[in-house]
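So the structure is just underneath, and the comments pick up after that.
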Amino acid sequence: MNAPLSVPVTSDVPALHFKQMCFEHRGHCLLAPTTLSLSGCQRTLVMGPNGAGKSLFMRLAHGLLPPTSGHIEWEGTKPPVQAMVFQHPVLLRRTALDNLTYTLAIQRVPYRQRKALALQALEKFGLSGLAKRSARVLSGGEQQRLTLARAWLLKPAVLFLDEPTSALDPAGIKAVEDAVNEFHQQGTRIIMSTHDLHQARRLADEVLFMYSGQVLEHTPAQHFFDTPTSVQAGAFMRGELVW
Amino acid sequence: MKKMTILATVSLAGISWSTSLLADSDYITLASTTSTENSGLFSAIIPAFTDATGVEVRVVAVGTGQAFEIARRGDADSLLVHDTAGEEQFIADGYATERLDIMYNDFVIVGPSDDPAGISSSESVKDAFTRIAESEFPFASRGDDSGTHRAELRLWEDAGITPQGEWYRELGSGMGPTLNTAAGMNAYSFSDRATWVAFENPQDLTLLFEGDNVLFNQYGSLLISAEQHPYLKHDLAAQWHHWLVSEEGQQAIADFEVNGQQLFFPNAE
Amino acid sequence: MPAGDNPFYTALALIISMDPGLIGIVTLSLQVSLLAALIASGLALPMGAALALWRFPGRNALIVLLNALMGLPPVVAGLCVYLLLSRAGPLGQFGLLFSPTAMVIAQVILVFPIIAALTRQQVEALHNEYAEQLHSLGLNRLRMMPTLLWDARFGLLTVILAGFGRASAEVGAVMIVGGNIDGVTRVMTTSIVLETSKGNLPLALGLGIVLLTLVTLINAFAHIVGETSKRRLG
């Protein structure tokens, strides 16, 4: 573990504290006890090779899984609004538009407002022409943009993205990265996992480096890329660390 | 959620629809035997009763054993069967208060047209049954505790034979299915005349023996005990019960014919 | 009703003649079986979905029981309903025996396990795919149920049709609890049994062909509706 954060905290997004958080499955420790805090409106990139535990960390942070020991705590009385974009988009068997109005219905947005809001979101993510198409027949890039539009409608304070671009072509990757920056500019904290070094360089304010179920580094991006503390991070960046 | 609401509404509407069928005109439920229903007797005589009284008769046609059971449980308003001994027992047990002779027909023995056991020349049922048992040609029995089955068993007993062995096949079926099976196996069988005459799938079966006095088959109507089952439609059932023995009812039974043949002979006193 | 020697001509003649007796029988058959399939769906879809979503002690036993009940002999279901609705039985005071309502109840019992067991399977498969996303959207299990049922609708349509098929094909239960009363509880299958017992095999088979034709039409209709919207939604 590395030094405390040096990036200034500017946002009112509540801080997220992990206290001795640990996850075990059938006697195997998949995530070693982790204590750290994420605060401010930053773009935190969770990095590491495949199998490092990035996805698990994201799911624990988002609350999809409870830790087997330790705690995850949001500052304040209740957790802020969060959204998550998965590596493989999960879309309902409905039209693109209906996928979005469904999300609004869950948020208890009045019925009359739903369609207009959904159409705005489709337009924002360049999907206007596909409103009536089945979400399941869209291309991979279009599907991922639709999940971003869905997340957009939630107006999240924190957006989790779990390797959202690993199955996309360069144009698709760019669209996702643009969207991430757009979210960030609107004051959303970004927590995104990737194993793409270049992507991390483009986006990261700070980096969480994971290896073999352990968070080895939690440092500002510049610091991480210039002078990684751990041997593994150095090897990872030189392309030597595969597993 | 919307879907659930629709489903629930439709279900309720449907239930009220189906129960509304129950709310129509006066009717009684009559437990009776397949022989009377299958031959078409009821469809011939009930309209006359309904015209005269405005009361509909709903016939549940089952074996005599099951008909007794339905009446015993109070699921029928009236009972018309053909097992005099059983009927008298039913009254003795307190489930019915009155029994009236309505009509009779007779039982017949049918079998393959070449009559391998040679029963067509026999003198009596006793003789015919003995020939079948000794020759061990297949015999299809109802085996369902119906009036016909009970009558058949009494006749075997009278002949001093315990029917058993591979040739004696107990089917556990109604009269019609038993005749279908007998036709398929080309076996002998014991049937009431009405079902036999109305039966349309005889294949090689033919009527081989008839006319012995012991083949007499009496039908009786019973008034079910109001004490046992107070909620039944006893007034309407009594109307039906007495109509059957009235001149009009007796005439309707006599007028019923299949293929130009009278099947039931009214004999109310 | 007309009768001939060739069951196909008999079936054709039955359909063409529009015999009022036959129409009554056909209508009652469809009403009873469709209603039974609908009521059973109303109960079994949420039950199957709940079984897919919740883990509780005895869940596996319940699933095995439902699967086993898919093979419940109709005559046993009929007998149970008979004893229940009989005047001497616990629900005797409603006088429902030998009525279409009794037939619907018996068929609901037959159809329920099929729809519940197959719904459980379909919803569980879909839940595996959707669970994280729906959880992320903040849905608890109860609120996931309608979403999963709706998104599984094409598969569930087939499940409901399977239930309807069982209801419209069975004879053992409706015979016992309906009594095959002419004009009141006589349906296609009990008519077929009756005509068979009269030895009128061509008419029995002709009725069978009419029944099969109707069931085929209903299935074709459902199939077309399902395929059309499925093609639209992928």
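Letters A, B and C name the chains as they come in the text, with residue numbers starting at 1 for each one.
The rule is simple: a contact is a pair of C-beta atoms (placed from the backbone, for glycine too) under 8 Å apart; a residue touches a chain by one contact, two chains touch by 3 or more.
Keep in mind it's a predicted model, so treat the numbers as computed, not measured.
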Spelling it out: a chain qualifies if it touches subunit A and also touches subunit C; which chains qualify? none
Interface ranked first by C-beta contact pairs: B-C
Among the chains here, which has the CA centroid at the largest distance from subunit A's centroid? B
Which integer distance in Å separates the CA centroid of subunit A from that of subunit C? 47
Counting only Cα atoms for the centres, state how far subunit A is from subunit B in Å. 78
Separation of mean Cα positions, subunit C and subunit B [Å, integer]: 32
Residues touching two or more other chains, restricted to subunit A: which are they? none
Touching subunit A in the complex, subunit C uses residues 129-130, 132-133, 135-139, 143, 147, 151, 154, 232-234
Give the list of subunit B residues in touch with subunit C in this complex. 1, 3-4, 7-8, 10-11, 14-15, 17-19, 21-22, 29, 34, 38, 43, 58-62, 73-75, 174-177, 179-180, 183, 198-202, 229, 231-232
For a test of understanding, state which residues of subunit C touch subunit B in their complex under the given definition. 3, 31-32, 35, 38-39, 41-42, 45-46, 86-89, 92-93, 95-101, 104, 146, 149-150, 179-182, 184, 194, 196-201
Tell me, which parts of subunit A touch subunit C in their complex? 59, 62, 64, 82-84, 86, 90, 92-95, 102-103, 106, 134-137, 154
